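So that we are looking at the same thing, I have put the structure below in structure tokens.
Chain naming follows the written order as A, B, C and D, and within any one chain the residues start at number 1.
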């Protein structure tokens, strides 16, 4: 057990970085070149839901990547449960291009409610995985000694909050899809601020 | 010859990691956004075979990546035959998105038997490649000195078992596709447990 | 604040490299295999706009990757604003395959004007992001001490120039699309020469 | 100038590895799941040209990656011309999935001649780029001191041979496409053996 904990997280970090980088770059494949009778300009403009979905998902994956980076700075080693909890989180990251495409193709249609709810529900699942990963880290004793109890509870509170707010955004989407999306986006601030705080209380590697 | 054996496996490791990370992330591209007359919700639900296929293939590639990692921890260097045996294994990894798509699009149809058999047969081929890679490692004298004969026979036994069970799953798929899939999944436990054992008897790098 | 500045840019560099490498490799997916009644040779030849678009975008992403590399050699550490400014730049990089596909499919049609303008406008946005990133670096005090004021003003001037020339190319595209494209390409020389100069005045890492 | 030559090739190596890994993994996207009236088994069998094309291109990219690795072991540093010559080579690598798809979809049709010729012509271009890259290395004085003149002429001869044989395969394809493909494949032996020889005369890093 002990030797696992002292194994450096560098290779799992590199693998995770690869998955984040690929997922973020695949998003563009979902935007299809406009075809049809109308002129190109109108076609490009008509794709505004695709651009919104692209930018939103790009931003959230970028923020998640930064947070993943900050989280791993708190960790002094990895064990087997960590690898699987991290894998589960990556599964929800690689899944993102799909709800993004669903959102893009339905945001301007009567199906917008379902599309936004599906999009937000993906992040409920992802937020649950962040909690799971953090619980795995804490239970496995993988945190660096310098990480204070305050840091731990800060991170934990933010991760709980994530699940709740994403769930609320999902519910809201069925009534007011635009508000659901805005609530979804509002969490970016939490994740960005969380990263800052985790960082200042952590040591440098 | 000698100098090859002392070459570090780090670059082949990075390349392999890249291939695993890309293959695992490409899986999502096979899930197509639902179109048609029925509402979006029904369309999303009707894609359940795609979600099952996605999760199954994600899990197996993740586990294979972890096992690849563990296997390379037993190795003190690489030679030319290793590079090609490893490349053959990666070929079967990059192939996975295709049988996954075949499975996704046929699991709910009368063609399910063929689709599951094709999916399982892919892993027969992959299991053969694991055996080939391990034989290349052992014959080339690439194992670290600390690796015990017991470790070697543990790994070898598990790899043999993999071929047999995947072959059985392929055969079973023609009769009962669901049971074939479940047998296929049951091997995850073997791979996960194998990793554990290899790890505890290996030294830290 | 201080500890952030001394954090090494290596992980953000690896992530950025991954995004550049993936974006440059995805370009080929936009070229579709010709189908139809005419023979294959004619079909392959008829895709000349795709080849032009592919080569142009490949070249520009390659050059941008080299410049990103050179820029980060001037930097001694990264902070949070840097991560987001860099992320914004990467967003415009991952976006490139889309205007490339638009260009490829419309270069030989009456819509060429709009397609070229859209293509060039993408690089206006990207040039703005380079300015933003550099401003973030300078304001955050992230430059290495050895970087001279002359280097800084060289880079800044080239980045300003980029915005202006790309904007001119966009405007020109509405009148003469071919000239717009050529003006766009002419900037490659600026970026390549910029890299040279930044490099000779920077220290080795 | 001097400081460039002593810069380590590690980052360009990592970027190149990324491009090789992505290109090799994207190949699978070109194999489409069979649809239609006939049963799935017949559909899977009918895709044999896709499997052949997939395996051929996978093998050649793998071998090229290994050779790139070996080539860079001869190099003590990189300069600007190297970066662009290497970029040009990577352009031909990322292009491979396209002729592969063309080959897959036309190998069993009367257009096989054109498809094989197009496929082989891609490797003529790639072989020219290997020559260009090597010339850039030699002229720039980037070779390690330990690399003997014999090694250099070995590599050069093999690279010349590559251009000639690929050109011959292209010409042959118009008459006998199957022989053209076989001649194309026969070069794998040259590349594999070249790697061996370069390796034994190079020093370890």
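Throughout what follows, a contact is a pair of C-beta atoms (placed from the backbone, for glycine too) under 8 Å apart; a residue touches a chain by one contact, two chains touch by 3 or more.
Note that this is a predicted model, so its numbers are computed, not measured.
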| item | value |
| --- | --- |
| When subunit A is superposed on subunit B by its C-alpha atoms, the rotation angle in degrees, nearest 5 | 90 |
| Interface numbering overlap (same over half, different under half) for subunit C and subunit D | different |
| Of all other chains, the one whose Cα centre sits farthest from subunit B | C |
| Rounded Å distance, subunit B centre to subunit D centre (Cα mean) | 26 |
| Where subunit B touches two or more other chains at once, by residue number | 14, 18, 22, 26, 29 |
| Overall pattern in which the protein chains touch one another (line/ring/star/complete/other) | ring |
| Complete list of chain pairs which touch one another | A-B, A-C, B-D, C-D |
| Interface residues, subunit C side, partner subunit A - complex | 3-4, 6-7, 11, 14-15, 18-19, 22-23, 26, 29, 80, 83-84, 87, 90-91, 94-95, 97-98, 101-102, 105-106, 111, 114-115, 118 |
| Complex contacts: residues of subunit A adjacent to subunit C | 13-14, 17-18, 20-22, 24-29, 31, 33-34, 39-41, 44, 54-55, 58-59, 62, 65-66, 69, 192, 195-196, 199, 204 |
